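Shared chain: chain A. Partners: chain B in the first complex, chain C in the second.
Here is the complex of A and B:
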């Protein structure tokens, strides 16, 4: 009897769960997509450390045998990164938080404050997301020029705000509408004004959404090219993407330096992503209300 | 503490009127429960007292002040919501102290008041936690703590126990009642659960379709319902209604059909020789001696403390509730009698009580 029991137990232990082929397929697909996305980065980073001779002489994906830090130093000074990096930083650091704050306030008003014409305002804002900015480039130039703001920070920050806010308002508005109205009401009874409700309750609750929008907006603003090209004529006011474009023409043969410049351009956006991505983990509102 | 007076209050959304002139007086320190089926306007009325809904017509006063155009925060009320509405990013202590903080109360005083309220509700160990880390019952208690801290003149509860499981609901019911006995603050409480209303209230307001059907103490409403709606709404299982004609003769009888007559004892003169609806509470349907009202047992539901039985009486089904254990089974033919002192008579047309 005992022998029988042991056998039964052993058999049960040996029997493996059936393989889930769908899962296997998904993992293979994931790995392939990941390779596809990572490959260019590997190429850029490897190349940024190679001398011109090494670039020409070795495979594109071969690791650098003799890493050249000098590429970065040279690219920094020859690409006038001091100027372009500062310009990009100033524009982005002002535009992104300011835009998010304005969008969030507008979204709160549209979601939570009753006033006549509310739907009309929302439709107008939505309309703003439908216009491709390329068609607006010429009138935009005329407008900014009319204000005398060409080659100034406000001259580029204001149009960035105008084109960035509508879709942020749209996303935040629908998020705020999902916040239980009892939270607003409880706060009103507790004596909070709309601004206090917005700042103390809605902003903290919407951190995951704001973080996501912040990342998207940061990357979009940091990499923006077309509008900056039209509105910033003076090289002293150029942003990183503009600097990078000039780079390619000037040093078209020095792929090492070009890629070093690309790495330096992309790095801040990647850092911002790494900092904010943990806020993506939502569930912050869990426990506010039952359900 | 304060009295609350609701006078001919109406509420319309556009052309649709949802409250048709409500009059309710809530005495100082009274525990009043608004009860009624979904959509009867009870929550809307409570929200009008809170200041969260406009008042289309009529007046609401708290204390001696008409508050129709007073902001919610200035009405000196506190409200507990069905879904608790705790601020998710704040700790329990911050949630409870938020109103005081906004009012500019010094930090030390806030701390002291929050701790006092936490003491009343047994929340001390939870003060540092966030709402997401609490169970449903604990969240409900925090919501009540947030109300207590403000020391309001009136507490407003909007179906506060609906999201709790049955066992916890019974426990919290007792806690809220104990809290009222301790704080003696005026409470207006909305529920659709007639058991909550019966067990907790000093005074019940039964509402239906935007109108007040009856106001009174729980037992007044139970024993003397003004109409069929109130009679059927309060009590579980619900009251049995039997239509028939009260015949004249030496011993009054309710003639239900050709073959079924129910003997009646002393009845008011207003009930004689007319069509009526007879109301009998399930606990007044008694197993009787042979020769009583003939009925067939359909279903027997023993709950342990009592036995519920569905009984076929003529063409309709009635419910009986017996404290004693009875050995009847489905299909049995039994004989019933009704407790004569507790019979209710209603007009079949107006549905009003006949005295």
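Here is the complex of A and C:
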């Protein structure tokens, strides 16, 4: 271990000469662009603490002189955040674990059980990862309306599940295929059913992948707008993105409050990302690039 | 006897494991896709009990009587081409830079990726405020720099609105390309790069002849994903301009939605959707065959 470490250290010392001006220039360029990249966030947060008079009177980059928490309070009640927040939370908390569970079951069967039609199901699933649901908003409305599920939680959760399943099944089945056969063969010989093997062996070992998918799916579900727009017409059922869009429509001249509403909508997903950053990247790339 | 029982038992178990996912997927994703094609040949307002078969008339209508369709079509193509060039290119440059051993590179990566996880509708709301003609950040910066003549109503002027919207889209999506390229770069053999360096290849040559060829599969994946996600552009346009001013930022996905859900002409809306679906399939199907061949070659 120590030997390895010193070796890596020496390599680094050889590879990087004391001062590589190209790298210094590169770093400065990347840092400057990064400042541009965060500027919108700074602008939004600053504005969210300013009164309308301060927004009109001061420069956009001037920090708020006497921060107004009142924008948040007002936006919370005028934007009906209590309702939209609750709806988003309920939908996400049901959809994400349920979707992962049924996707994992299907992925296990596709990876580990030989049956006819397996390949066809796989192609159908892979296909689903790429078709845009934005194309089918109208028939989706017709379908959900036919079931009498417009403005209900199941009415939006079921389509969310349907459009989340392909990607998750695809990633999980390619992960499951990499699990050594020996691990399950012994259990099969002992007479364990596939259900038992799935629950006792595959679910525990795939926890890191499931965690990554869980976080990706949390953000996707939390942020979804187009389907919710069509399937949730009643204000009482609106999710956060719908609430924000309506808020902008009604109160776009209350700059401080509008920006407070943006911050409150974005914050949960941003926090989840910053806390679980590591999983994000692994979840995104495990499927796409390694393929 | 024992074996056949085991086999049928296997199939039963497989069916039970797959059924929940497959049924939900088939009913709520595959069926609407088939239905959208069926609707495109029908006349329906979304309420009546009967849908009338009208043959190709919806298609004839959108192609010949709906000037907005062609604007939306052209905008979608422009948007798609721009999205296949800029986000992947910036993403690649960022990935190459942030693949070097640099100070605070993880924080820099996190910053560039942050916009990706923000709801597109929130991005639209943010940028609409930043583009505000009076108090928005862009015009404030321009007047600060003494460039008053450049000040514009960025989302209200027909000739620039689409590009203004696209800038917001680039801000949001570059991080996604970057992460995929960073992952692809991990697959580039470091010893090859090092060997090229020892042989006297300069930075550009090392990139051109070692790194770039190794990145080719990643590049294909990023480009295809960029095209597909650009065809889906809906939330950001809906939130930024709603297709205006004067339909100058109208897109196929949004126009299909407007026809069906706001004008209640499900037939026309579905015909527009079907056109978009066909464009998507023309890209997705060849890509799937390529991916499958690649996987078979790897096995």
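Annotations for the structure displayed:
Note that in this section the second predicted complex is superposed on the first by the 231 of 291 C-alpha atoms of A that agree within 3 Å, B and C clash if a C-alpha of one lies under 4 Å from a C-alpha of the other, contacts with A are read in each partner's own complex, and residues count from 1 in each chain.
The criterion applied here is as follows: a residue touches a chain if its C-beta (ideal position, glycine included) is under 8 Å from a C-beta of that chain, and two chains touch if they have at least 3 such contacts.
What you see is a predicted model; the values in this text were computed from it and never measured.
In the superposition on chain A, contact of A:128 is made with chain C only, not with chain B.
Legend: residue contacts after superposition of the two complexes on their common chain; A:258 is shown touching chain C, with no touch to chain B. In the superposition on chain A, A:226 contacts chain C only, with no contact to chain B. Legend: residue contacts after superposition of the two complexes on their common chain; A:153 is shown touching neither chain B nor chain C.
In the superposition on chain A, the chain among chain B and chain C reaching more residues of chain A is C. In the superposition on chain A, A:161 makes contact with chain C only, not with chain B. Judged by the touch definition given at the top, the superposed model places A:38 against chain C, while chain B stays out of reach.
By the touch criterion defined above, A:182 lies against chain B but remains apart from chain C after alignment on the C-alpha atoms of chain A.
According to the touch criterion, the shared surface of chain A, contacted by chain B in one complex and chain C in the other, consists of residues 284-285, 288-291.
Considering their complex, residues 180, 182-183, 185-192, 196, 200-201, 204-205, 283-291 of chain A touch chain B. Remark: chain C residues 10-11, 13-18, 20-22, 24-25, 27-33, 35-36, 39, 46, 94, 97-98, 100-103, 108, 110-115, 117-122, 125-130, 134-137, 140-141, 144, 171, 176, 179-180, 182-184, 187, 194, 203, 217-218, 221, 225, 228, 231-232, 234-235, 238-239, 253, 256-257, 260-261, 266, 269-270, 273-274, 276-277, 280, 284, 287-288, 291, 294-295 touch chain A in the complex.
If you check the complex, the residues on chain B that touch chain A are 50-52, 71-73, 77-79, 81-89, 98-99, 102-103, 130-134, 136, 139, 146, 150, 163. Taken together, the chain A residues at the contact with chain C in this complex read 12, 15-16, 22-23, 26-27, 29-31, 33-34, 37-41, 43-44, 47, 55-56, 59-61, 102-103, 105-106, 108-110, 113-115, 121, 123-128, 130-143, 158-159, 161-163, 165-166, 169, 193-195, 198, 219, 222-223, 225-226, 229-230, 240-241, 244-245, 248, 252, 255, 258-259, 261-262, 265-266, 269-270, 272-274, 277, 280-281, 284-285, 288-291.
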